[in-house]
Amino acid sequence: MLSNTYRTRIEWGDCDPAGIIFYARYFDIFDISTTMLFERALGMKKIAYLKAYDFLGHPLVATRGRFLRPTRFGDEVEIETAVVACGRSSFKIEHKLTFAGALAAQGYETRVWVVRDPANPKKMKAQPIPAEVVAKLTQAPVA
Amino acid sequence: MLSNTYRTRIEWGDCDPAGIIFYARYFDIFDISTTMLFERALGMKKIAYLKAYDFLGHPLVATRGRFLRPTRFGDEVEIETAVVACGRSSFKIEHKLTFAGALAAQGYETRVWVVRDPANPKKMKAQPIPAEVVAKLTQAPVA
Amino acid sequence: MLSNTYRTRIEWGDCDPAGIIFYARYFDIFDISTTMLFERALGMKKIAYLKAYDFLGHPLVATRGRFLRPTRFGDEVEIETAVVACGRSSFKIEHKLTFAGALAAQGYETRVWVVRDPANPKKMKAQPIPAEVVAKLTQAPVA
Amino acid sequence: MLSNTYRTRIEWGDCDPAGIIFYARYFDIFDISTTMLFERALGMKKIAYLKAYDFLGHPLVATRGRFLRPTRFGDEVEIETAVVACGRSSFKIEHKLTFAGALAAQGYETRVWVVRDPANPKKMKAQPIPAEVVAKLTQAPVA
């Protein structure tokens, strides 16, 4: 299935008084990584693909994080993100964040494809992922 | 003019490796303080007043912050927020953040009342503040 | 074991363009909830208990979140946090976040008690949790 | 004086329910931009220069932001950062953030060089900026 590598840097404002990344910031990074994977799969930016497929987004219903070694401000990290499963209206993503070649954190996400509920515009409802999107998410990894 | 006091606590995740609040977090706090002032003035929550007055929000066009003494995780702070000027489509807000009675930070905001541009839904445009809102924002402080 | 209830409000700046809370913000909330539980158990603020027990903190090694229904800006939420296991140098925490009485999100954390590694001050290492702290974390819930 | 250009991208999690960047996030970006300028000037990462010059950081005492046009998730922005004044223990920084060549936001900072107060380790105190650092910050812009 599709995978993508996103590179970023841990910054001073991401770190807490222990001098290491505040763990909630990893989820900010994982969310960007998923967006980057989607943008690559669909060949357009998120703002465009939300419109092209007329949906509200791909929010998480569950996530998991494992933190193996801390990272610090200035650390240039690499996040390898892959689609690991793709169902009718939900899909699963995995992230591996490495620093200097060593695995520092892992993320697992279950996301759903949602639209605004026509019966109640304040609510969202899951919707089948368009076949074209499934095809693109489940394609063989691009080198 | 109207004023309001909002109380919050500086948290571990708001602080940086120097052990003090990361200054950008003060702007998160000031934004909440302005919302609290509006909610008090208009007698409803932001999600309701955006709908009631059919507008997109009151984004900032300019802000200023002064940081006099640092605050730390666990510090219970008090933010006194006041409307200091109210024009046709913009208004000015001041925040005084104190900890243990001592002034720690100040914020100044110029905000505009915006609606979605009918000519281009991707754009926002300033709009006169409804007279009723001006009246409520410029009322004498409530004890 | 010990439990605590923390109340907070979802704010405008916590929400994303879909109009609901950006999920990473739940982890900010869960971290505060864990701190609140500890402060209650140990009878002092985090800044004081880090000093009293001479340790660096209780970082996460793993976490899990489940998001059942979205929350929005202005929603007043309640987080019930409990110690569910307490080992030699690690412990487990569970969070239940409810809005208007309905379960909206759940969090699960495995945290370790760490000190600065004397052999390498840039590193942290796990350390047995002081017996007195274990006793306080595993006490019967206080009404 | 010295200047530097930092490029980043506005992300989904940086934006609020109006669909545009939540203004406090600009200050996160400006702080990174200042770090980038310092790292370039001093030829080492922040974690290294804090140690090399044995100081606690360069916190802000005042800042100002002007927001001219909104940016959105997916926008690739460029921040041009320059030292505009350098005093004995404080200095001034300016940021110009552009998107697609148009000025979107400006930031102004007054920062101080601080060390831990030897008389009270819980306090910080301003200290003269080392002559070598002043020389590097006030050098002619590098092409």
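To keep things simple, chains are lettered A, B, C and D as they appear, and every chain counts its residues starting from 1.
Everything that follows uses one rule, which is that a residue touches a chain if its C-beta (ideal position, glycine included) is under 8 Å from a C-beta of that chain, and two chains touch if they have at least 3 such contacts.
As the structure is a computational prediction, the values presented were derived from the model and not from experiment.
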Return the chains shared as contacts by chain B and chain D, ordered by label. A, C
What chain lies farthest away from chain C once each centre is taken as the mean of the Cα atoms? D
Of B-C and A-C, the pair with more C-beta contacts is A-C
Just curious, how far off is chain B from chain A if you go by their C-alpha centres, in Å? 32
Chain B and chain C: spacing of chain centres that average the CA atoms, whole Å: 28
Expressed in whole Å, how far the mean CA point of chain A lies from that of chain C is 24
Return the residues of chain A touching two or more other chains; collapse runs of consecutive numbers into ranges. 12-13, 16, 18, 22, 24, 28, 31, 73
Mind pulling up the chain C residues that touch chain B in the complex? 11-13, 28, 31-32, 35, 39, 45-48, 72-74
Please output the residues of chain D touching chain B within their complex, sorted ascending. 16, 18, 20, 22-25, 27-28, 31, 56-57, 59-68, 70, 124
Chain A touches which residues of chain B in the complex? 12-13, 15-19, 22, 24, 73
